[in-house]
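As structure tokens, here come the structures.
Note that chain A is present in both complexes that follow, paired respectively with chain B and with chain C.
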Partner chain A sequence: MSEHAVVGKRLPRVDALEKVTGAAKYGADINFPGMLHARIFRSTEVHAKIVGIDTSEAEKLPGVHAIITQDDIPTGRAVFAKDKVLYYGEALGAVAATDPDIAEEAADLVKVEYEPLTVVQDVMESIKPDSPNLLNDKTKDGPRRRVITRQLKKLSKVTDEDNSAEIDRLNTELEGLDDEIYYNVAGETHESAGDAEKGFAESDIVVEGTYTIPRVHQVYMEPHVSVAHAEPSGKLTVWASTQGHFAIRSGIAGVLGIPLSDINVVGVTMGGGFGGRFNIQATHVPAVILSQKTGRPVKAQLTREEEFLDGRPGAGCIIKLKTGAMNDGTLVARKALAFWDCGSVAGGPIANTIRIRGVYKFPHLQMDAYAVHTNKSGTTSYRAPGAPQAIFAGESQLDEIADIIGMDPVDLRMKNMREEGDQVPAGAIEPIVGYKETLQAAADAVDWWNRKKEPNQGWGVAVGDWTNGCGPGAVYVSVHEDGSIRLFHGSMDITGTDTAMAQIAAEVLTVPYDQVSITRGDTNSAPYNTGSGGSVVTFTMGNTAKLAAEDARQRLLELASQRLNTDIANVELKDGKVSLTNGDAPKSLSLGELAAYSLSTTGGPIVGKGSLSGKLSAPAVAVQIAKVEVNPETGTTKVLKTVASQDVGFAINPIAVEGQIEGGVVQGYAWSMMEEMQYDEKGNVNPGFVDYRVPTSADIPRIESVIVEVPAPNGPYGAKGVGEPSLTPTLATFANAVTDATGVRINDLPIKPEKIVNALKSNGNGSR
Partner chain B sequence: MRNFEYFEPKTFAEASALLTRYGGEAELLGGGTDLIIGMKDRTLTPGYVISLEHVPGIEGITYDDCDGLWVGAMTKMRAIERSSIVRERYTALAEGAEEVGSIQIRNLATLGGNIAHGSPAADTAAALLVLDAQVKIAGGEVERSVPIADFYLGPGQTVLRTGEILTGFSMPARSANSGSQYLKHKIRQVMDLAFVGVATSVSLSNGTVTDTKIGLAAVAPKPIRATDAEAIITGSSLSGEVLRQAAGAAAGQSSPISDLRCTAEHRREIVAALTKETATTAVARAQV
Partner chain C sequence: MRKHPISFTINGDLQELFVEPRKTLLAVIRDTIGLTGTKEGCSTGDCGACTVIVDGEPVTSCMLLAVSANGKEVTTIEGISSPDQLHPVQQAFLETGGYQCGFCTPGFIMAAKALLDDNLDIPEDEMRHALGGNICRCTGYTKIVEAVLSAAETMRANA
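On to the complex of A and B.
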């Protein structure tokens, strides 16, 4: 297994020391003399017309330097609400003052007059015709209306035959489908393969269910923060806590209407992101405009409460799912209709509703998904956006089928899993994948087929899938006179990605890991880089680091062949030096010697460059098995065991990979059992950690990670993106375990104790 | 946070004088785990903060078989949960203290603060109720003692008058044939607020329960005793039927609300479940 010297090894992170000593500089650690502090003032209504905003009292408060509203946004692009507010806590403007307490007092002194409007927070209410029209969207057709309308359109074009009877029939059906006219729909997506209705008709059993998944916050440890400094020349510097500083640069340039070259964004150490840290209007734009107004550096930092009220959490949804299967376990058809609660901002991960197909061979599949506006804050990405929700529905229903036909849940999944060459329903042909290996690995780790349980205990298994993205990125590698190597790039380190790049460069250049250092540049200095989300970083930047190191290696070989007066074919790089591969006298040159020599050559210093924009990635799979114990009297659940296997392609750093797997399991466990953003007619009612529960280490005992490696053809050393897959099966895993323990199935997450107690009551206390 | 003036009195008299001088504008600082959060939220905006940290004689745990247990108001939760005498004879109190926040919080939070705050969900309140605690209060030259059951008036409201300081708690000595338990219903294993808290204390004599006290937290405007359930258990040998009846009686005496955490109905069910469980454990502990 030791074909590699540095990659694949359990090495400490390049940033370990600065993190554990507290030396790492996060956004909140950036301070300047004369710096002002910003505070956003926010809507106290859930849905209302803004009649007027009066900042006069706030302006009078000593220490207040500037107050801005939407009128101060030069391009008029939406940063603050202007004409109406769509949720409690929506930003209306910002104050800059000499200290945070004064800014907070001033924000409270801003008077806003509202004309309240009818509130709608439930997606199923929002789609009805009598709900308030939130953002003037056109109505959309439901799935059946859509089909009929298309058929009618087709028939209207046929002139050589008489279809009037069919047209009449369809029109009549259409008239009866009034409840399929959806209001407040921000977006829709539809996919199909085969004929789902035909599939259900052919199935031995058909199972239907409605699955409700709450909106949850990414709860990164560090709230949004930025420090902006506008110089008199018009140049801007922004110290931003973000997953992608190039995206922040273009975002700010767009809102301000200024050239990219006027903005330098410094990406500071990031306190977690999970997809939620690409936002520009939360703190970056307010800080910039307040700095422009005052000429002083301005820090804008959200509180945790503001994160909940006006962050961009992961979307909740309602999924109506139907699955047909044969008595022998063969899956035949699946159909989903999903409504995603995207709040005030269009979006929501509707396209990933397709994840209901899982990793299985459904001949018939249909998926219709709608993003629906409600009076809540907008949503954005949260680690594998949409997949945990869709997979929760899909994998819950598989267990129901297994139960009905009396088949083992793992056997049912194994029987239907796709392999290389299979047709992906509503997709392409499956490339090489490790679905079955990964399921087998998890099952073996718990000795699944010999599993035991006491009363009130249960086992759950679920399978989730995800494919990483790939985006533009570039790396320079320099070789220095002492033989040390430096990488320079513009990628935000997320969960150890800098470490992976350093390991790869060390591997290619055959030097010890600790001889490699890595520096992230700001947007003024570093080459363009895609944001650190979508599990792209190690796949993309690992490849660019490899290309750059290989480029440097080529130059080292050329220099050595010059110096040793031989053909390049006669030298090789090994153990940190370039040696002759022929001739009698062993001759070699160290990297340091070659770097020093390069300085006096016409070619100049050694710089390797790696740059790429896209490579085809390979599907990854995560399988998790949990054992839980439920107290039937109180409904509380205790986790007894968790095993998580994942096909990671190749683990560049197994410690980092295990960290990713464990983190996903913990987040998924929380989503299934405790986390939810709760709303009443006054807005979000649990904007803090007292009533928005995230788990502690006491809730989840040791998670056993099992690394499976089915190499990705284009990944660096075969690596796949590992960040997101680990969250995809977890909701279903714990839901299935609770069902196995109690005999009741809760399709409405989170599975709080009260829901279990109530379900057991209506089930006549059916604990197993 | 608003600006405030801060004092660190070195004697009880000094603290009391300051408190009398500033009255309702002053807040006492114990561990600060409630006060500072309130000040940061600006739900509490005291003009004066008086720290009790350097006031002598109001911190510590003492016990003797005659006077029983005394716990100073400034005693940290962590010290209470680690005290061997509390763990052994006043187990429910140790378990209540242990349920508060995290270890870091418990190294700051004080028993006096947990009670003086007036929360009906305080983790130590149900335990103090079943351990017959007397609350010691001093103001100026006057000292008084109030049974814990009478200390609470409603949510956030207590009998403490302006200028008075809660100095400590005394609990009668407990024999080896007594036992107690506190259980908290929560979603997260640690660092969660009580959905429901139940403490039960019993004494045993020849296999019969001779004395039962059941305290309920977070299910009424203040911590309460489930006296109907106590009467059912006392004099019994704690059969399944007795437990079932007592559980129902305790649930019946509670008057919980529905809120974002759960419904009133669920809270009543949990009162019943935890009454059964704590009574069973308390009896088992009394037998050891």
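On to the complex of A and C.
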């Protein structure tokens, strides 16, 4: 974009030097004299009553300073298990000692007596009446049962006509629906548009399938960590590696029952998050309470094994999906029934099951989703929570339809895509979107309609979508006497968002990028900020930085018009100075001169302010095409090519945008082909990188990113959320490519080699 | 626990310490010496975040007991650049955007440096396998591989 000087440029990040030299301080790099080290002690049972916890031996170990359990939580809010444990590795309490190894030894000396209970790990077992009731949940009605119960309720209110025959019929149907009473349900959501059953009846073809998507860990490289210091006055400081230090502040205040003003949270450089770094229980609360008990700074840090056992990973689910279409490829109806495994904590991205609608015009849509408890740790967000799972099911089924009616998979998608002004099924009216442009860009990049393949090779395409939010955020911009610019804010940077803000301020104030610096404040000093999740940061903080810089620009123009004794309409900011636009003699004032002048004016120093929330974004779309080769003997899949196009609105920093796309694709690839948290009656069986393998540079070749820019009307320079869309189509892309290569479809992720070999055996052939 | 006397050089400085036999080289580098650029990502030798160079070889320092480093020469991320000059590998990571959260970056840079010290002409596919002991969760490796290839080019030109 030639009209811009700084935004849209491939500039190094503001934190580049500290990152490549190892100077950046992460959570575990914070140390204080006299600091103690915490270690959590954990359940060795999967489901059991706690008969007693004996810490006496641990207390005797030299170097141990404090041991806490749930009894030490002032509000009684759940931090540690007290009466019963619901999964292997659940936290029971914590030890603080002078050395991490002593703390670990002490944790091992804690004796816990249990009374084991029946374990349930499978959501489809957990919903059955004979499963153990994990959290005393009431039963919930299945979709058909809900409909009948509602109809019966309605009919019972009608008194002026005789409905007894219909009531009898419905009651009879209800009695036959005993499998539609679900147990251990933590939550449910239901959405519909049109009439799905009617749509299926009108369709030429109807495809049905069950899709299983595993629970996976975010695998941020830095395990959870915090350092807490309780001062004698009662004031708390917490150095937290988190995606949102304001959220951590309110979380800690809630658990401790103390005012927000008693807690200062310092957000330190964070080693990845992907949605998993908002947790207060893992390390923050234990560190705080141990520091209160001992009066000393306490560091609490999880090991990688603890991350797997007691992290809050992304939820797995089972989706039963049905799609109806006409022979010409027109999509008519889609229906989903989803069961999300939320483990032992209510949650799971059930509402995002709606993503089965994709970017298509379904006249009829129905979605019923349930979150179901099992004996596993709770879950939380993982990059576009729920979307990759739902889109995997939806996009897999589109390829089945394309295959049955003999239509090209890209053509089928293009035919049904929504455009601006179309009705979103069970949603609003579509704003300006770049769905078709983005699909076309990916197809063009691989010359899709002339694509070639050798035996055992296959091509896969899929489309995913996501809309970023816009949380509250604020930025101050100061202009200093030497003309340098300083931004101050309270947003956690994971992905280069500070860099985007600095570029925007430089653009507005017409100064070189390296003249702008940026500082994140702690919760005591910075204005409130939303957490860095949901792809909100560049959208929110970019807008805010722009507002703040524009506010500063206005003040600069006012100062210049005063100084030059002219009307404000006669001055302009350009090339880092304010100049007269109507004078005969060229007169101008540099930003430094104006900043120095401001100090002697009644208006005082130049401070630009930007503050906003809740601005609407436009939906973003990601399209990915992969070419793979599958060895039919061994079932191993080799990725030959991956092209990822994404509508980012406007790429403020193309290096950062490409990085988000490339990273998302590889995470999605791993989810489809490699990663799975595995559980048996003993709990999680693969809590480490040997058994839970994540991709390395050897697993997948370079990702080719294609940036598409259909500007968001409200975005800073048109930018949309970038971090999450990149993962949404990937699971389906690779599944569709494997099917194209082998002729067999694996609906049960991850697509491990043995599944391919077995499917080929039962299918009786190899490639097609 | 009884401590053992050890001495080794780290980034050129001699360190003489008393350490418990259970302490890893990583723990000593970070907690005793206070060089926190080397990161702990898994404690099982699988993620590479703690990679340092010991006598010219890349080593996951979480898997080496500190007492085993006695008499050796250790280089960490803090030891490969000067205030006015980044190492070519660091410069290449900076320019290509071969880092995001940055947690794996010091280990990756040390592994890449050791690799290129050994072979400046390594082809991309071999290099991808050779760096397979370092996990990055953010970048998808595309820009890391570009960075290492670019660093190799610079180092070849300077050789």
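In the analysis below, the second predicted complex is superposed on the first by the 766 of 768 C-alpha atoms of A that agree within 3 Å, B and C clash if a C-alpha of one lies under 4 Å from a C-alpha of the other, contacts with A are read in each partner's own complex, and residues count from 1 in each chain.
What we mean here is this: contacts are C-beta pairs under 8 Å (C-beta built on N, C-alpha and C of every residue); 3 or more make two chains touch, one makes a residue touch a chain.
Since this is a predicted model, take the numbers as computed values, not measurements.
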Mind working out whether A:D101 is in touch with chain B, chain C, both or neither, as first, second, both or neither? both
If you stack the two complexes on chain A, which partner ends up touching A:T634: first (chain B), second (chain C), both, or neither? first
Touching A:M673 in the superposition: chain B (first), chain C (second), both, neither? first
Does chain B (first) or chain C (second) touch A:A23, or do both, or does neither? second
Does chain B (first) or chain C (second) touch A:D691, or do both, or does neither? first
Considering only the touch criterion stated at the top, classify A:M326 as touching first (chain B), second (chain C), both, or neither. neither
Per the overlay, which chain contacts more chain A residues, chain B or chain C? C
Would you check which partner chain A:E754 touches, where first means chain B only, second means chain C only, and both and neither mean what they say? first
Examine A:L170 and indicate which partner it touches, taking first as chain B and second as chain C; both and neither are also allowed. neither
On chain A, the residue positions that both chain B and chain C contact, one per complex: 101, 690, 695-696, 698
Per the touch rule above, chain B residues touching chain A in the complex are 1-3, 42, 185-193, 260-263, 266, 269-270, 273-274, 276-277
Going by the contact rule set out above, which residues of chain A touch chain B in the complex? 101, 104-105, 633-634, 636, 673-674, 678, 680, 685-686, 690-691, 693, 695-696, 698-699, 752-754, 757-758
Can you list the chain A residues touching chain C in their complex? 12-13, 15-26, 28-29, 31, 100-101, 218-223, 269-274, 303-305, 494-496, 655-656, 658-659, 662-667, 688-690, 694-698, 700, 702-703
Could you pull out which chain C residues touch chain A in their complex? 20, 22-23, 27, 30-31, 34-44, 46-47, 49, 76-78, 81, 86, 90-91, 93-97, 99-106, 109, 127-129, 131-146
